[in-house]
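Data first, discussion second: the structure below is written as structure tokens.
By letter and in written order, the chains are A, B, C, D, E and F; residue numbering begins at 1 in each of them.
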Amino acid sequence: MCLGIPGQIIEITDPDRLMAMADVSGVRREVSVACILDGPIDGLIGKWTLIHVGFAMSVIDEAEAAATLEALHGLGEAQETLEQMREGAKALEAGA
Amino acid sequence: MSLRDKRVSLAHGGGGKAMRDLIDEIFTGVFEPDSMEDQARLSADALRDPGARLAFTTDSFVVTPVEFPGGDIGKLAVCGTVNDLAVGGGVPRWLSAAFIIEEGTDVDLLRRIVATMKVEADKAGVRIVTGDTKVVDRGSADKVFVTTTGIGIIPPGRDIAAVHIRPGDVAIVNGVLGDHGACILGARGDLALSSALESDCAGLGHLMEAALAAAPNLRAARDCTRGGLASALNEIAEAAGVSVEIDEEALPLRDEVKGTCEILGLDPLYLANEGRLVLFVPEDEAEAALAAMRGVDTGAGAVIIGRAGDGPAGQVTMRTLFGGSRIVDMLVGEQLPRIC
Amino acid sequence: MRYVEEFRDPKAAKVLLAEIAKVADEIGATPEKPVHIMEICGGHTHAIFRYGLDRLTHPGIEFIHGPGCPVCVLPMARVDECVEIAEQDNVIFTTFGDAMRVPGTKKSLLQAKADGADIRMVYSPLDALELARRHPEKEVVFFGLGFETTTPSTALSIQQAAREGLTNFSVFCNHIAVPPPIRVLLSDPHMVLDGFIGPGHVSMVIGIHPYDFIAEEFGKPIVVAGFEPVDLLQSVLMVLTQIRDGRAEVENQYARVVPEHGNPVSLAAIADVYEPRPSFAWRGLGEIDASGLCIRPKYAAYDAEAKFGIGYGAKRARDVAEPEGTGCALVMTGRIKPTGCALFGTTCTPENPLGALMVSSEGVCAAYYQYGGRRTPDPATEAAE
Amino acid sequence: MSLRDKRVSLAHGGGGKAMRDLIDEIFTGVFEPDSMEDQARLSADALRDPGARLAFTTDSFVVTPVEFPGGDIGKLAVCGTVNDLAVGGGVPRWLSAAFIIEEGTDVDLLRRIVATMKVEADKAGVRIVTGDTKVVDRGSADKVFVTTTGIGIIPPGRDIAAVHIRPGDVAIVNGVLGDHGACILGARGDLALSSALESDCAGLGHLMEAALAAAPNLRAARDCTRGGLASALNEIAEAAGVSVEIDEEALPLRDEVKGTCEILGLDPLYLANEGRLVLFVPEDEAEAALAAMRGVDTGAGAVIIGRAGDGPAGQVTMRTLFGGSRIVDMLVGEQLPRIC
Amino acid sequence: MRYVEEFRDPKAAKVLLAEIAKVADEIGATPEKPVHIMEICGGHTHAIFRYGLDRLTHPGIEFIHGPGCPVCVLPMARVDECVEIAEQDNVIFTTFGDAMRVPGTKKSLLQAKADGADIRMVYSPLDALELARRHPEKEVVFFGLGFETTTPSTALSIQQAAREGLTNFSVFCNHIAVPPPIRVLLSDPHMVLDGFIGPGHVSMVIGIHPYDFIAEEFGKPIVVAGFEPVDLLQSVLMVLTQIRDGRAEVENQYARVVPEHGNPVSLAAIADVYEPRPSFAWRGLGEIDASGLCIRPKYAAYDAEAKFGIGYGAKRARDVAEPEGTGCALVMTGRIKPTGCALFGTTCTPENPLGALMVSSEGVCAAYYQYGGRRTPDPATEAAE
Amino acid sequence: MCLGIPGQIIEITDPDRLMAMADVSGVRREVSVACILDGPIDGLIGKWTLIHVGFAMSVIDEAEAAATLEALHGLGEAQETLEQMREGAKALEAGA
């Protein structure tokens, strides 16, 4: 029961009921922002959230996302270096 | 003008004057059937060629809502049957149109539907030559159902069928997938989704003729309607006795279709289309077919999505973005929105 | 950043697969002596099959598919009770689409709908609430189904109904918790698991600490993971790395979404509306203590069990024997693969599911069937098995 | 046999396996369409004759109840379209059949309907060669609607049409009138009437051929369906530009039909028939036509009921039992049970 | 004997027509100076046109078609009230088919049904009662419409409902009486009538003496008649004979069905359930004192006017002006033929009736239209006019 | 509102509610016999009644019906005699 997707809050539609419009790749749906309210409701506009069954359940932490991707990047670069070294070694061997 | 009613009532289905008024005013003027007789009588000249055959197909259309972004049930009804003729190599010629109308339906809605049908029929070069209307009690239908039946003429020597597909043949679709299905899911309103998506509904007769001209050995084609591309490919693979592999990366999908699928847990491969077909051509005719298709407005987005193989007959697989591979099976029932 | 494509990047996947292979080799994982990693959540199972990750990862890694699909583990008796409520004259029964095809002993909700019950699929309990507002003359019942991810949504909906004074809205509560069955699995003497992929969206609500017992009591690594393929592969790598390093910790791969301590509003709503049942029945696993929630007495007016006198609220769930010969319990505990079940693909198919795991498209047997576990296996996978 | 369900659910309309199972098991086996393609491909040999034409007609059937004494909706759907072809001189050849099925419909009911269709198609010498099924939500249709579309071949030189009717031509019906309409009124149950009446539903292709053989100058024919004999005569009189006078004494009516009409205040001239036609022949061919019709089972009750005249074009009158005369107009809406 | 065919015998008709012609000649009736005979009842009007009797009788006899069609004389405001009741959410509105097409100011019941109201045609108020039994959750309202012939059926149905304790059945009472409008017509200074054909089925209930005033006060002959053509012709003959003999009596041609004093059970039921309204509106005739019935207070629970607070029960019927230019009142008093109305067949047709008499198939304008009064007249009739 | 038709009572279907089956030319409908009850309900079987909106409103009096037809018959015979006399007179004239 875990289908959750990132969506961006683009408009507050009903401040009393804590409802807002979320955009997922150009598809809009009204969602409850009750779970992520943390200050004035207008502050949510522009925020990326994780949406599940019509509720924005979590504000996505951009820094954490970037960090995750950064780690992969690092891994990739490391592998590439390794690969290059290996190829280089092979070339050396072949050259030998 | 004797049709004063704003809504259809049972009186309009009773076989009396009210019915005749409805038919005269809404249908006859637009469709121009041949005569007062309750059947069209059609010249068979085009069938004199030895080897020419008739193509004959029918579909009922029951879409909810009846009008949606990019079309209405009338457009579907004309395009759907035109396409079923076209993908089999038939040149669409004549249509019949039978309407089942729910009591209480707006007469103006009927007018709009019929007008759309006329526009699409003209575009497709078919004539709607005979029809029928029935009115049923409120709650015994959902506004309007339209059943169209088409006759096309298959020129002598043309034989398009799945059985001709050989391993190596290339699969081409004519544009982005799933727009219709995703659009309808949104238009229904009960899921409270909105987007700028429009149905892809279109008649594909001219596209098929263009593809056939460029790729004379075109093997088979199928419109990807209910059950989407996945179902069309499964049917075709089974009928052809080949396997088919498609490439996830090649699949043309709009962002909004992806978004709809993410939200609802659906697979775009199974979303309905109403103006999309998949066709198989020999590899050496693929580029010519692509180019020809792209020259027709309904084929502007044509791309190669995969090819037939010699794997297990009837098996459709997809190479995923990751280089993994998964089976693309037929749906069991219908796709239901999922949350998990 | 749109937080989707970035985590579906094939290049990133390639890097991760290479790294996984490296670590797997380092710890000596082979097809004959594989590392068993359980992804608890059905959403993860689905993603693994959808992206073909099981075939791409090192052959020494074996995924064991956990009980984390609330549709699969729903006992048939509860479906019967849904049907019983839905078939009452004045009821609009609302449900997520997932539950429509789940067979009860007599019929599924889909069949009950065909038989005339007013059953409507909704995307959100909020949509059920809206139906209740629009149909004051009807009783609108929402089928509350799901793990901690979903529980807040029904709790908040009940609170909202109470605030509005709606008297025709109720929830048929079948919410269950992830940790209890994990404890059951880990306590099984046949247990072969070496580590866990933790359900990220559950942790989004409850945080990561409810899994501490896995690491602390049972000494197994667990990585709370996101649902994109890159998330999953990275989590697998993290589990393998823990194993290689001899660690057993609760790590959070999905930190962009999962706060360490979860979501306080959600947790408060759950605590306000629900309380644990003494025990709850899981299809394929049996009764598990404190694994299910029910509605607190103060919200009894919104409790369909109380309102209709049906189910746990009235009496214990009826004892409904699962169909004979089903291998579900063995699959769920990792002892056999779906293809090892005698019923798989013959009498148990997605069209006519006999066992729990064939029911939902998240069920592992359904995934095997749908995504090709049953036909000619991938040469690579074949070699691996 | 993979269709285990007793009732149709939405899954059976979703384009997936459940749908294929339903179609395979209920329809394909019985109707034997030509191929796996979604269109029939028909040999056009019979159309090579110069002057041969296609007849093409469609009708949706929405009867309640779906099964009734003497038939079911499937029988109506085959006979109705066969008759629309036949009364225009077309030799019925091929039918399409499109089903709109309400969720919850008994699968066995579908089986029975399809079996009836097969029986009637065989009797009529037509083949049901293509079809469609749609499933709609409960409450969005009334069990089953069937739309049949027919193709017939009009032999060279044959031209049956109202415009050929001349004053003096004789009008013949093929049997007792109103059985179908009265039977359905009773079968509906809401009026709590019962009788031994059965629907007159029958295919009339062979009858038309017999009449044409005996009366080569047969002018025109019309099946007397919705709106009954009165509507058929009004339509034909208008299209022909003649008047028509019928004789009340000559009208064949069963006691039970009269009884139903007395109770409900209806006029039997407007009751629907599904196996009755009215045809016009030149006076000197009338006896031959009658004799030939009586030689066919569906024409055993054939009688002359009146003739065309040179009165006002489109006017239908009836000489009453009293020698009085009254106009038999088209209905306004539908006939409603009256108590005054 | 089956009491139908015998009275449709063309031979008997021939004999009667000859005798009618003889007597008409004896009293000097000519097309220029015709004898005016009013058939009061719409059922008689219908039969006259259906069998073409107006064209067969001596040209010196002119039928004047009376106000005896309860559908035709129903004011538009009452139709509006029906629609208002029928459109309430919980109502099943039941009616005879006759009333379905009668236009109100906004819509007919047929249109209201198309717009979504649950309106059902029934053959009998007993069928409405049965619906009420089967749908206890719904309010079943029966549209009680008709003269004394029909009044007993609704009275007995209300009594039956009361006996069964049904609480969801009520009647929207529009029952009216035949004698009051006859008195109005006879009191009209333009009155040209020479005699009356009395409505046999009304007298089956009330007997023949309620018409005594016609003979005694106004000196006009009246013959209570059956509905078969032979009945009608015989009655015409009896009227003519009275005229010839200078008598003015109430005679009973329909003695096989009509008891002199009517039907005691029916009369008792009417008296028990209904009481006269001070006055009631007749379309085309205006308000007529004591011409309508309403439900007695003791049966108020079965009175839709009380239950829904609509119509006479709440306030007087709304004053709804009849469409302009309608000749109905002139036709009904015999001063013009339908064809003499400027609207006939042009703006007033059965498809779109403007006036009262075009509404029902028993209305004389509808009969003229339907049965050919409007097209080329019969040569014989033409000569006669 | 006067559509009434003769129908024959063929069976008592519900003595409590005074309901019976009537037959009209082979068409059956349950009707109330409340208005015509005059003695034991079974005595109605076989009786011809006048039926209106589901109620048997009157028992048809066979003697009265016969009398009505008899009168017509008399009229017819009288006319025939007259006709014959006239024809006879004509014949005489012609013969003259």
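We take it that a contact is a pair of C-beta atoms (placed from the backbone, for glycine too) under 8 Å apart; a residue touches a chain by one contact, two chains touch by 3 or more.
Going by UniProt, the chains are A, F = Hydrogenase maturation factor HypC; B, D = Hydrogenase expression/formation protein HypE; C, E = Hydrogenase maturation factor.
Remember, predicted model here, so these are calculated numbers, not experimental data.
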Chain pair bearing the highest count of C-beta contacts: B-D
Of all other chains, the one whose Cα centre sits farthest from chain A: F
Between chain B and chain E, centroid-to-centroid distance (C-alpha), Å: 56
Separation of mean Cα positions, chain C and chain A [Å, integer]: 23
Where chain C and chain F are represented by their mean Cα positions, the distance between them in whole Å: 78
Rounded Å distance, chain A centre to chain D centre (Cα mean): 64
Chain F: positions in contact with at least two other chains: 1-3, 5, 25, 29-30, 52-53
Two or more partner chains touched - positions in chain B: 9-11, 17-18, 191-193, 262-263, 265, 332-333, 338-340
Overlap residues in chain C, where contacts from two or more other chains coincide: 4, 42-43, 69-71, 96, 98, 101, 110, 123, 127, 146, 150, 351
Of chain E, residues touching chain B in the complex: 101, 110-111, 113-116, 351-352
Touch list for chain C against partner chain B, complex: 4, 8, 10, 13-14, 42-43, 49-53, 55-56, 69-71, 96-98, 100-101, 110, 120-123, 127, 146, 150, 229, 350-351, 360-362, 369-372, 375-376, 378
Chain B residues touching chain D - in the complex, by the definition given at the top: 9-20, 35-44, 47-48, 50, 52-62, 64, 84-85, 87-88, 90, 94, 96-100, 129-132, 134, 136-137, 139-142, 145, 147, 149, 151-152, 154, 161-162, 222, 225-228, 231, 235, 238-239, 270, 272, 330-335
Residues of chain F that touch chain D when the two form their complex: 1-3, 5, 7, 24-30, 51-53
Complex interface listing, chain D residues touching chain E: 190-193, 262-265, 311-312, 315, 317, 320-327, 329, 332-333, 336-340
